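Have a look at the structure below before the remarks.
The chains carry the letters A, B, C and D, assigned in the order they are written, with residues numbered from 1 in each.
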Amino acid sequence: MIIQVRKNIPQHHIDSLLELVSGIAVDMQDNKYIITPSGIKTLPGQFDDITQHHWVFDSDIQLSDPAFMTKRAVNLGHGFIGGDLRNTVLIFGPCAVESAEQINSSAVLVKSLGHKILRAGSFKPRTSPYSFQGMGLEGLRLLRETGDKYGLKIITEVRDATHVEEVIAYGDIIQIGAKAMYDHGILRRCAKTDKPVLIKRGFGTTLQEFVQAAEFILSGGNENVILCERGIRTFESKTRFTLDLCGVAWLKNNTNLPVVVDPSHAIGYAYGVPDLARACMAMGVDGLLIEVHPNPKEARSDAAQQLDHQSFLQLHESLKTVANAVNRNII
Amino acid sequence: MIIQVRKNIPQHHIDSLLELVSGIAVDMQDNKYIITPSGIKTLPGQFDDITQHHWVFDSDIQLSDPAFMTKRAVNLGHGFIGGDLRNTVLIFGPCAVESAEQINSSAVLVKSLGHKILRAGSFKPRTSPYSFQGMGLEGLRLLRETGDKYGLKIITEVRDATHVEEVIAYGDIIQIGAKAMYDHGILRRCAKTDKPVLIKRGFGTTLQEFVQAAEFILSGGNENVILCERGIRTFESKTRFTLDLCGVAWLKNNTNLPVVVDPSHAIGYAYGVPDLARACMAMGVDGLLIEVHPNPKEARSDAAQQLDHQSFLQLHESLKTVANAVNRNII
Amino acid sequence: MIIQVRKNIPQHHIDSLLELVSGIAVDMQDNKYIITPSGIKTLPGQFDDITQHHWVFDSDIQLSDPAFMTKRAVNLGHGFIGGDLRNTVLIFGPCAVESAEQINSSAVLVKSLGHKILRAGSFKPRTSPYSFQGMGLEGLRLLRETGDKYGLKIITEVRDATHVEEVIAYGDIIQIGAKAMYDHGILRRCAKTDKPVLIKRGFGTTLQEFVQAAEFILSGGNENVILCERGIRTFESKTRFTLDLCGVAWLKNNTNLPVVVDPSHAIGYAYGVPDLARACMAMGVDGLLIEVHPNPKEARSDAAQQLDHQSFLQLHESLKTVANAVNRNII
Amino acid sequence: MIIQVRKNIPQHHIDSLLELVSGIAVDMQDNKYIITPSGIKTLPGQFDDITQHHWVFDSDIQLSDPAFMTKRAVNLGHGFIGGDLRNTVLIFGPCAVESAEQINSSAVLVKSLGHKILRAGSFKPRTSPYSFQGMGLEGLRLLRETGDKYGLKIITEVRDATHVEEVIAYGDIIQIGAKAMYDHGILRRCAKTDKPVLIKRGFGTTLQEFVQAAEFILSGGNENVILCERGIRTFESKTRFTLDLCGVAWLKNNTNLPVVVDPSHAIGYAYGVPDLARACMAMGVDGLLIEVHPNPKEARSDAAQQLDHQSFLQLHESLKTVANAVNRNII
């Protein structure tokens, strides 16, 4: 249950009620709210005096529920996604920062197409200790410098809580990876910034758990949360993962958060990325994350799934046509 | 391995070689072929004299492999899908034939939109013995009569081998349902007709097995096979199934068969069907199967996922716009 | 809901009530029952006069529910499994009948260990048309002759409805395979025999659907139904399937049917079968189905997962020890 | 590839070769090793002079591969598990430390049965921000004090990298939870202690990735790694997860690490835990993790799956009998 507290209620009164229900206090836009565990379905009598309004929920999807707040818009700096806008942001770039030359080439591509955000990873969450682990802090700095040089925002991934400070300090949009999205160390820290946070769905994560991860950040005080579907693990092994567009339809219908899709990680092979990207655009998603590398064959990670620049240019043209057909505005 | 036999080789010679490799003989378009198990990777010496050409495959996807034959086109009567055409067929109608009035209303909708195929089930593969099982042969006849009345082709599902004769006799396109697609009684019988056969992927079926089911029909002599993705079973339970569009991308890239998608069964809820249908159109699928009912609330099966006529009309308009954007022709 | 009808109610009265609720009539052990769809949660007023007793259920697991009838015992001929007995039947033999010599060798093994049931398949539900499809009716006859020669019961699989008559005619226990368990043609026919029917769970089948398949047979009049878990399809590909022993625990707790496990198909590799078989025995399952072949390397199907006779003899010894520890009696 | 370096090779020579192959250096038991990415399948010529022995592997399962080292034994303080011993450790206790009284009661149970390890969580990786999050550092201290009071070792979970120092400082065995097992911050830090580390398999984690997580710790210098299967996420929703005992059989056959099983989290309901625990014992696992609470109904997390003390005592008796049957020694 979310309880909106009347104005001018003394804090100590709120505090004692909070304790009573093991609730969490959240301040949003000049209002105070108390969020209780979802098990509480009726307004406790003691709250009558302080309650301006209250909302009851079936589950711990509360702040994300459209019944509490209609579609949320998130400001990316150069424009908003979500809300009642019809903007779709295109975010692309290589899997990982590998060298100054490589990331520079990626930035030039972004710039030349009139886009504003550069993506690349620096702390790679590899499953093997014996493969390329990313350039770490050095790569993060390189990405920041490159972004500044071209006037681009950067989005990069935090892998674990040991470097969350650095990623928040250097990045413009913070990406929480699929393997890290249950990490309380990351989630709680991201709740204390106001930079936009893009959470990728874990490949073994239910939609319920996915949105609940967003609730950690929202209830901690950061309202700028973006959800990103990137494929779930199923019995099918011909493709790397299975892109869950039924899940995207559910998220659009049942939450108030912007929804972005990453088709590259989902299928894991470049051949299918253009078709899937167009499909997502036709669904009206709020953004696309696409892996593009100046020379995919030489990529030190995810080589099979990255588009080369030429292929991306073709895709880009067709995305504009589809966006137009479904009345979306690419930003 | 597929071996194309030279002209004028005596049949008894072919037969003795067939036995040698446990092969299957297939006649297609004036040519004779021998198909061996995929384990055979080099042309056995005895075949040198009779071999016009041969193709080696990694797996038992052989006749469906684009290396053997580029994209196949299937004739639906009023037009082709597949091949190098850019046609997308729209097939819609109720889950089940329930009454003359209901199926008549559905036929009027199809006719009024200028489409040519009416879909409805009559032998329903329900998982419970205590729910509506379909109208059976009576429903099949009603569907046939309604199709004839409005000049529409009909597509309907065969549930098990006990009524496969009747479905082939009455239907124009034979649908093999997700739960029946391993059924040799059905597959082998459908190989002996030349009517188009649409195979739905089982919800626990790998892409490999799915295409191998098509190989039963192709190798039995019927070249008019259509694949239909309709959602697989995963850990996610907020939606009925998980539509596997990565799988569709794989099928388009790795087989020569037309690929159709059924978004209604995948998500299981009407709210998501329009978005998913537009996504499939933007991917360039060869067809869409959509459940539409004159009065979904009264439907005796799949009530939650059927669109009403008004919603379908809106979807239909937007599908035309998306088709246009990706240069597809709706038939 | 299951309604037990009072004695001496005229049939026409029952029939009119059946129609009213779209119910099914079942005669069991001198009683008449009416089974309604599970949606009906309260006894309709018109039934007051004829109702001896009634049971309400959450779902269409009705005749299998322990609230309706405590554990059912099924007679295999030489002994019972299920009920409040603590018997575990060992059923073993090759995947498929391949030759007279091979099946004879298997029968000798069964006989020599004092067991009473020989298993082998003759209509193989292969997913590829280009691999060994089983010996068909010839194999079925050979299996029957071999069983008779050694005084053994036989269990064999029905693949589709086209040969269900023959399998029922020749077999002692009818096995419905994992790919055929939704097949109404098979289920409805097996309801009309009184031979025991062992239903294997489909690899994409929920426990709910699995038990509902049993309800088809039970409600059709055959009370001798055995459930068999044989592995479900998951994202893990190092093993062929994933044996669902949590599911077995659920079935034991939530149904009244005997539960048998097939570890061979689950893991798909002989090395793990002994450990898994001992695990199942320690859980107290009602039976084990194990693939054993005189010469696994030469097997024409499932070669990797079949135990040779020597390995099986060792396993057999250890199963006796484990059975003793958990107070089970091997039959 | 693992390369064992000859004695007396100068470090600078090793270092330059390491760089050449992007390798990792590991010191184990007076020997130096170089581990290369698995892509390297033949010994590079430059290594000839320094190589004592080398092993080639198919994948990045290297230090865990039985071809490199036969079964590893891990010292728990009061005894070893793994190796060629036949010991099975029983680890039990509540899901979470909730109060001094509660954890004291649990310790008394452990002590009274002659066992040596107390388990409980203090940093709970809950998926909702609105439910009980564990007692944190306070709970950790309480657990340590209780362990000391009764002379018990403690095992407790690290949730994220922000408190990994504290868990290593206070704990005797470090548990990495299913949601944290990809966390490099945790894995790399645990590699620098020599305390035993028990890694739980993520519910969406393949066996390959699971063992590769162990490789992070092994290659970082800590050889005391234990694997724990606790159920994977599948389409089945009647149970919380699906216990993967096929996977356990694979791990026993394909790795050299001790394998422990947690049946409580797998099924998620107390009714099935005893059967599953006996099954695991019969399989010959190296340990069992079982949730036991003095009063499960009052538990603040995982209430449904915790056994009460009385039920556990019964299970404990039967585990001794099964252990005896399969020649295992409970420690």
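One rule holds for everything that comes next: a contact is a pair of C-beta atoms (placed from the backbone, for glycine too) under 8 Å apart; a residue touches a chain by one contact, two chains touch by 3 or more.
Predicted, not measured: the structure shown is a model, and the values here were computed from it.
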Shared touching chains for chain A and chain B? C, D
With centres defined by CA atoms only, which chain is the most remote from chain C? A
Starting from the mean Cα coordinates of chain B and chain C, work out the distance between those two points in Å. 32
Let me have the rounded angstrom distance from the C-alpha centre of chain C over to the C-alpha centre of chain D, please. 37
Computed distance of Cα centres, chain D from chain B, in Å: 48
Which positions in chain D touch two or more other chains at once? 204, 206, 208, 232-235, 237
Chain C contact footprint on chain B (complex, rising order): 22, 24, 35-38, 60, 62, 123, 125, 127-133, 159-162, 179-180, 182-186, 202-206, 208-209, 212-213, 215-216, 219-220, 232-233
Under the definition above, what is the set of chain A residues touching chain C in their complex? 233-235, 237
Residue ranges of chain B in contact with chain A within the complex: 204, 206-208, 231-232, 234-239, 241-250, 252-254, 266-267, 271-272, 275-276, 278-284, 318, 321-322, 324-326
